[in-house]
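So that we are looking at the same thing, I have put the structure below in structure tokens.
Going by the order they are written in, the chains are A, B, C and D; count residues from 1 in each one.
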Amino acid sequence: MGRLRHKLLRPLLARLLMEVTPMAHEQFKSCIDACVRCAEECAHCGEACLSEADVSMMAECIRLDRDCAHICWTAAAFMSRGSRFAADICRVCAEVCDACGDECAKHEQDHCQKCAEVCHACADECRRMADVAA
Amino acid sequence: MGRLRHKLLRPLLARLLMEVTPMAHEQFKSCIDACVRCAEECAHCGEACLSEADVSMMAECIRLDRDCAHICWTAAAFMSRGSRFAADICRVCAEVCDACGDECAKHEQDHCQKCAEVCHACADECRRMADVAA
Amino acid sequence: MGRLRHKLLRPLLARLLMEVTPMAHEQFKSCIDACVRCAEECAHCGEACLSEADVSMMAECIRLDRDCAHICWTAAAFMSRGSRFAADICRVCAEVCDACGDECAKHEQDHCQKCAEVCHACADECRRMADVAA
Amino acid sequence: MGRLRHKLLRPLLARLLMEVTPMAHEQFKSCIDACVRCAEECAHCGEACLSEADVSMMAECIRLDRDCAHICWTAAAFMSRGSRFAADICRVCAEVCDACGDECAKHEQDHCQKCAEVCHACADECRRMADVAA
């Protein structure tokens, strides 16, 4: 029963949050921006990894950059249309961002170090968003 | 510690499942097919809803069809590249499919009834996939 | 033969443009930003259209908002990874943006008027990008 | 004037083709299936390329697999909702498929040879679709 009420109220509140309170809209906006920024950085990093002398060493980075960019664009799309599932997507997005950031942090290339920073920042934004809307 | 081991082992096992055992690959394949089928049905239903005489009554259905098609295409893409996050996406996908199926089931139009059935079947496949890979 | 050379040179030049000249990178960046902004605005407009009293009147607008948001996110993704097909996608994107902007311009709601403006601006950016990279 | 009429009639005819004649619907269905199949194969090939001993040699293949999978999923989505821009997306999709198929054909690995075949078949389907709907 508590779970049912939770299930019915959550999307309603998320919608209200976005439409009614300016602060909440700001929260969405800030998370969309973080996701777009992260998607761009991962795309750039993945491309740069493919041009490294030793690509084999970067294979896991390339995989995670690809997944991370994909889920970030998806999260941005769900948030931008105020979907009731935005928080669920952001929760997964935070996990992917952290995994990608952790992998990137292991490589000393500039594009990886930069990407690690942006990924971790995006993970934080996504978690905040998911908590506010949950 | 248990959680950490879980976190490290899960993606590894998911990858192994897909690459090594034919049954598991079949499981992936079957879930990808269900997601593609569901995405197509939701796209068709959403389009048909927009052409109904009373579109206002179908607004929530159109919203959910759109979200459901989007997450289904996304889940199919993550599974098809054997991403370690496939199970996480499938878990969210199952929730969206159920919500979309429940909404569609309320409307008597053929396209909605058909879509409800396909959505619930896809939710089942996604949950199975997420459980196997988790 | 001219066509063959064109086909071989185009992607190379697009890549060079992005990587070598700062102005060209700026061009990409500006077009990515326009696409992201347009995708967000179309998502917002489509959602607002679904909440209008007379949704039937907005059906075509909802369809185009959905297509336009989709192709804009796609174009942004292709550009952000410096894909050799970025210009081709941008050319299609410009057509979709113009169609969406023209439809939105017919409706007096604020969200449609705003969306029309953003769509036409994005169409211009995409055409410029496609011409530079072609 | 001829161009204007062309522009107005094309989407109308594409819609009619899909909704009215069963053959045309079959045509769409067959092209959607080809795109989904190609997206899956490119995802598989790209992943296998990343696990090769010499990844550097496969860099261009990985890039094209990624672009090809992306545009194929996108084309499938546009066709499945009967979008008036389906033909335009399919035209670009055919180009990307051909480029990816040509690159894959250069590598002797099974996954590349298989992918080359599927890509070229999808390019043919997309061109047929674009011509029918144009």
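Everything below uses one rule, namely that contacts are C-beta pairs under 8 Å (C-beta built on N, C-alpha and C of every residue); 3 or more make two chains touch, one makes a residue touch a chain.
In this text the structure is predicted, and so the values were computed from the model without any measurement.
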Touching both chain A and chain D, which chains are there?
B, C
Chain whose average C-alpha position is farthest from chain C's own:
B
From the C-alpha centre of chain A to that of chain C, how far is it in Å?
22
Taking each chain's mean CA coordinate, chain C and chain D are separated, in whole Å, by 20
Which residues of chain A are in contact with two or more other chains?
47, 63, 66, 77, 81
Category of the chain touch graph - line, ring, star, complete, other
complete
Sites on chain B touched by chain D in the complex
32, 36, 39-40, 43-44, 46-47, 69, 73, 76-77, 80-82
Per the touch rule above, chain D residues touching chain C in the complex are 63, 66-67, 70-71, 74, 77-78, 81, 83-85, 88-89, 92, 95-96, 99
Over in the complex, which chain B residues touch chain C? Could you list them?
47, 50-51, 53-56, 58-59, 62-63, 66
